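Per-chain numbering from 1; labels A, B, C, D, E and F assigned in written order.
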Amino acid sequence: MFNFKVNDSISLELLQQHQSEEIFELIDHNREHLREWLLWVDKRKSADDMVPVIKYWLENLANNQGFDVAIRYNGILVGMIGVQFDWGNRAASIGYFISKDSEGKGIITISLKRLINELFDRYSINRIEIQCGANNLKSQGIPERLGFKKEGIKRAGQFLYDHYQDLIVYSLLKNEDAEKY
Amino acid sequence: MFNFKVNDSISLELLQQHQSEEIFELIDHNREHLREWLLWVDKRKSADDMVPVIKYWLENLANNQGFDVAIRYNGILVGMIGVQFDWGNRAASIGYFISKDSEGKGIITISLKRLINELFDRYSINRIEIQCGANNLKSQGIPERLGFKKEGIKRAGQFLYDHYQDLIVYSLLKNEDAEKY
Amino acid sequence: MFNFKVNDSISLELLQQHQSEEIFELIDHNREHLREWLLWVDKRKSADDMVPVIKYWLENLANNQGFDVAIRYNGILVGMIGVQFDWGNRAASIGYFISKDSEGKGIITISLKRLINELFDRYSINRIEIQCGANNLKSQGIPERLGFKKEGIKRAGQFLYDHYQDLIVYSLLKNEDAEKY
Amino acid sequence: MFNFKVNDSISLELLQQHQSEEIFELIDHNREHLREWLLWVDKRKSADDMVPVIKYWLENLANNQGFDVAIRYNGILVGMIGVQFDWGNRAASIGYFISKDSEGKGIITISLKRLINELFDRYSINRIEIQCGANNLKSQGIPERLGFKKEGIKRAGQFLYDHYQDLIVYSLLKNEDAEKY
Amino acid sequence: MFNFKVNDSISLELLQQHQSEEIFELIDHNREHLREWLLWVDKRKSADDMVPVIKYWLENLANNQGFDVAIRYNGILVGMIGVQFDWGNRAASIGYFISKDSEGKGIITISLKRLINELFDRYSINRIEIQCGANNLKSQGIPERLGFKKEGIKRAGQFLYDHYQDLIVYSLLKNEDAEKY
Amino acid sequence: MFNFKVNDSISLELLQQHQSEEIFELIDHNREHLREWLLWVDKRKSADDMVPVIKYWLENLANNQGFDVAIRYNGILVGMIGVQFDWGNRAASIGYFISKDSEGKGIITISLKRLINELFDRYSINRIEIQCGANNLKSQGIPERLGFKKEGIKRAGQFLYDHYQDLIVYSLLKNEDAEKY
């Protein structure tokens, strides 16, 4: 019901309990695709498993620690974006995923562009960080298109099932964003 | 940031901590007007006093017990709407207030019309209740315009500072709404 | 162990954990009778299921939100009475049930009479509310005999398994009680 | 409201929030008398200070860890009795105090006699312990009159303001009680 | 990782989660031996059952209520010591067990000697209590060798599976310790 | 009382409540020195302010999220080391500070060397991260001497009173450590 409008076809939506089925289907249909990057997918086996997850996402918002939103594209859930705040340092980190079918349409990029503006302007955030798998070139393309600067490589930063993966760390500062847009 | 769009000029917005100043000003500027109907206004003396209130509103959402939204009209906060769920009986109750300056424009009525549709359609609510002060005719006009049925009088239902006030109880059922709109 | 004496044969008793068997038996033997009016009965299948319920009832008392007491009649548990407070409005609502075998003896009526006096005199309550199923004439007889005024009908106020039921709302105010007794 | 009747003049009463004034007065009027034995008295300076204490006593009951009751004698609060359970060992310990004015009437002794019967019979307690200050002969007289056996001396068992005090430990077992009464 | 060194062969170690297997094995290999004295042994059937126990022990430390340490002798876990504080009375009570294989080497006695010094000197404790099963002569030898004074017998102080056992209560006061060592 | 021995002169100690004075003095005497790098120093104005901090550090341990230890050098507290775990990725991050007087003696370096071995060997950690202020060359010397690899610069990673500071990110992986020592 509550969302942040990105443009006429995209909105970022806070999920509530009556949408547990809808978000579960998104995850279930992209299981193989997501599994490559995200550990927690395997644990979610039914819509009921989403109930505590949805609660957790909203508690995150209530505690002012961040928020997790679904991406709705032409009425259909196609991905998610998560934001975590580090208020002491006026910093935020962003994560995201999009369904296989909806890749390549710039949905994440345009959504983050709008979201980043909000974080800098209304939330008084100074630094935004994005970490991408070192071998996930598609994911890396997003911060690069948004003008993020590559800061370094977090070696063995993520453990996935049976191996470690390096992460590329990108950041964008408020004054850089002011120059860009 | 997260809102429910009512029409081009009205949206219902979930308030977050960075908006404590904005919501405090709405309450502070309508203190005399609100004081007549609402007990808790006197306890809120600064924007800081809103911090736990905003947290409480969002926890309400996280616990799936209801939600509290600000009404934004042409970019300005002009009132609030609160919804509480009674899931066991598939019922919801609604409360609201609007600033003195924004009365008489039908802002609450049109907002509730859209909100009620959501509650019946997406939240599977069967019964919606509104209680109005017996001497608050403006407030009573709202459920009456929305087709609510007057169910009875809750005698001495509200204690305000130094006296009791009767409340008129209105309700709308899902099947009635289906007929109307 | 702790109780409120109504008269020589009736007392209202705070249940403790060592009585889980006794209260379970009351519910179990009246299952069909209670099932008609009360949703939660089906979930209680053994004395162990009463352990968290008894804890919840006593926490209610500790938090000053209300209390739940068993009705003991000539030494035997025959029903229950629950009181919930709304301190902000100095109001209380009362619910009750009695076993099939003990109906028709005025046990609830006399118990409530004494309880209501306590609520008005010692707890400084101003308004007491009772809601009865619209088709439960026996239950309605109780507030009527106690001088409660019928305030209205809460349409589809209760969901029972597969259908909605209207509720009749009764109330008694402190000054009315003063006149009566 | 909820009490355990000892005899026609004495009852043991669970205190609730509307009685904070009454229990504070008992403590305040016996401050010097109590201060000799009880450390926590000095911290209670107004009826408001009793609010969290009353809540704590009732939570004790809700958690099935024990209970704290006021002694009402001919309508007036004259003392308190506290019981703590050690369920793993089916044991209970009892503490008490009585106002200066009400000493010497056997109020505690007769109250404990009835209470002990309840603990053995209904709560399935096997062992009851009472600890008394080594120089508090009046207090020691109570377990002695009740047939408790002196088990030993807990050296420096209590710290009072500026010195340690030995405690005499008394106990009564279930089978001993069966013989006695 | 964190421990209190007793001498070159003995240290008292705070257990952490990565040691759940090690502590489970100690308990499992001494099950029959421990079962005689300790009730909770039967409930621990795998290393996973130790996870909440280890957490509980460390929370005890965090809340400043006491601590529970494993005894490591020449690199191997051979027993445990638990300390509980009663800050209001500047008192502590101590419990312990040692594996069958490691009995008779004075490990507990020398460990407690050092621990007791710490409690009196750094924790400002005034009284230390040890309770031993009345028929457990080996256990009683420990406080006796440490100069504790026998204060009395706690009759039926412990319930073990199907019978009650008397406990001998020993204590040592700070000034006594000062004289001794 | 509980510590990790680094060598004959250095140990890493878990602080408890009776040491609040001692840790406060370390912070208070190094206020100007610490203030340059650490934001939270200004909030600690007395030993009492350390009580919740010490509790928080120990809860960290109890929840298996990390630990915070004081560095004791020849009997005197000279600094602190904090470790936070990210179990999902088998990673840990380390922070530290040392008093002005104790700089230049290699105390932190040798302490971390031993600590790192523990983390890799006993805690099954795969990656250890250290972040240093970009203009804090002394601090950077530590991971460099320990063979950590410089991964990148976290731009504006820390907010200090009135300005942002870049952080250098260093890491050491388990297999690298195996080669080194």
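By our rule, contacts are C-beta pairs under 8 Å (C-beta built on N, C-alpha and C of every residue); 3 or more make two chains touch, one makes a residue touch a chain.
The shown structure was predicted, so the numbers you read here are calculated from the model rather than taken from an experiment.
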item: Chains in simultaneous contact with chain D and chain E; value: none
item: Steps in the shortest chain-to-chain touch route ending at chain C and beginning at chain A; value: 2
item: More contacts between chains, A-B or B-C; value: B-C
item: Same-site or different-site touching of chain A by its copy chain F, using the half cut; value: same
item: Computed distance of Cα centres, chain D from chain C, in Å; value: 32
item: Gap in Å, rounded to a whole number, between the CA centres of chain E and chain A; value: 50
item: Multi-chain contact sites of chain A, meaning residues that touch two or more partners; value: none
item: Cyclic ordering of chains (reference chain A, direction chain B); value: A, B, C, D, E, F
item: Residues of chain B that touch chain C when the two form their complex; value: 39, 88-91, 126-127, 129, 149, 151-159, 164, 169, 171, 173
item: Chain F contact footprint on chain E (complex, rising order); value: 1-5, 14, 16-18, 55, 58-59, 61-64, 67, 69, 118, 122-124
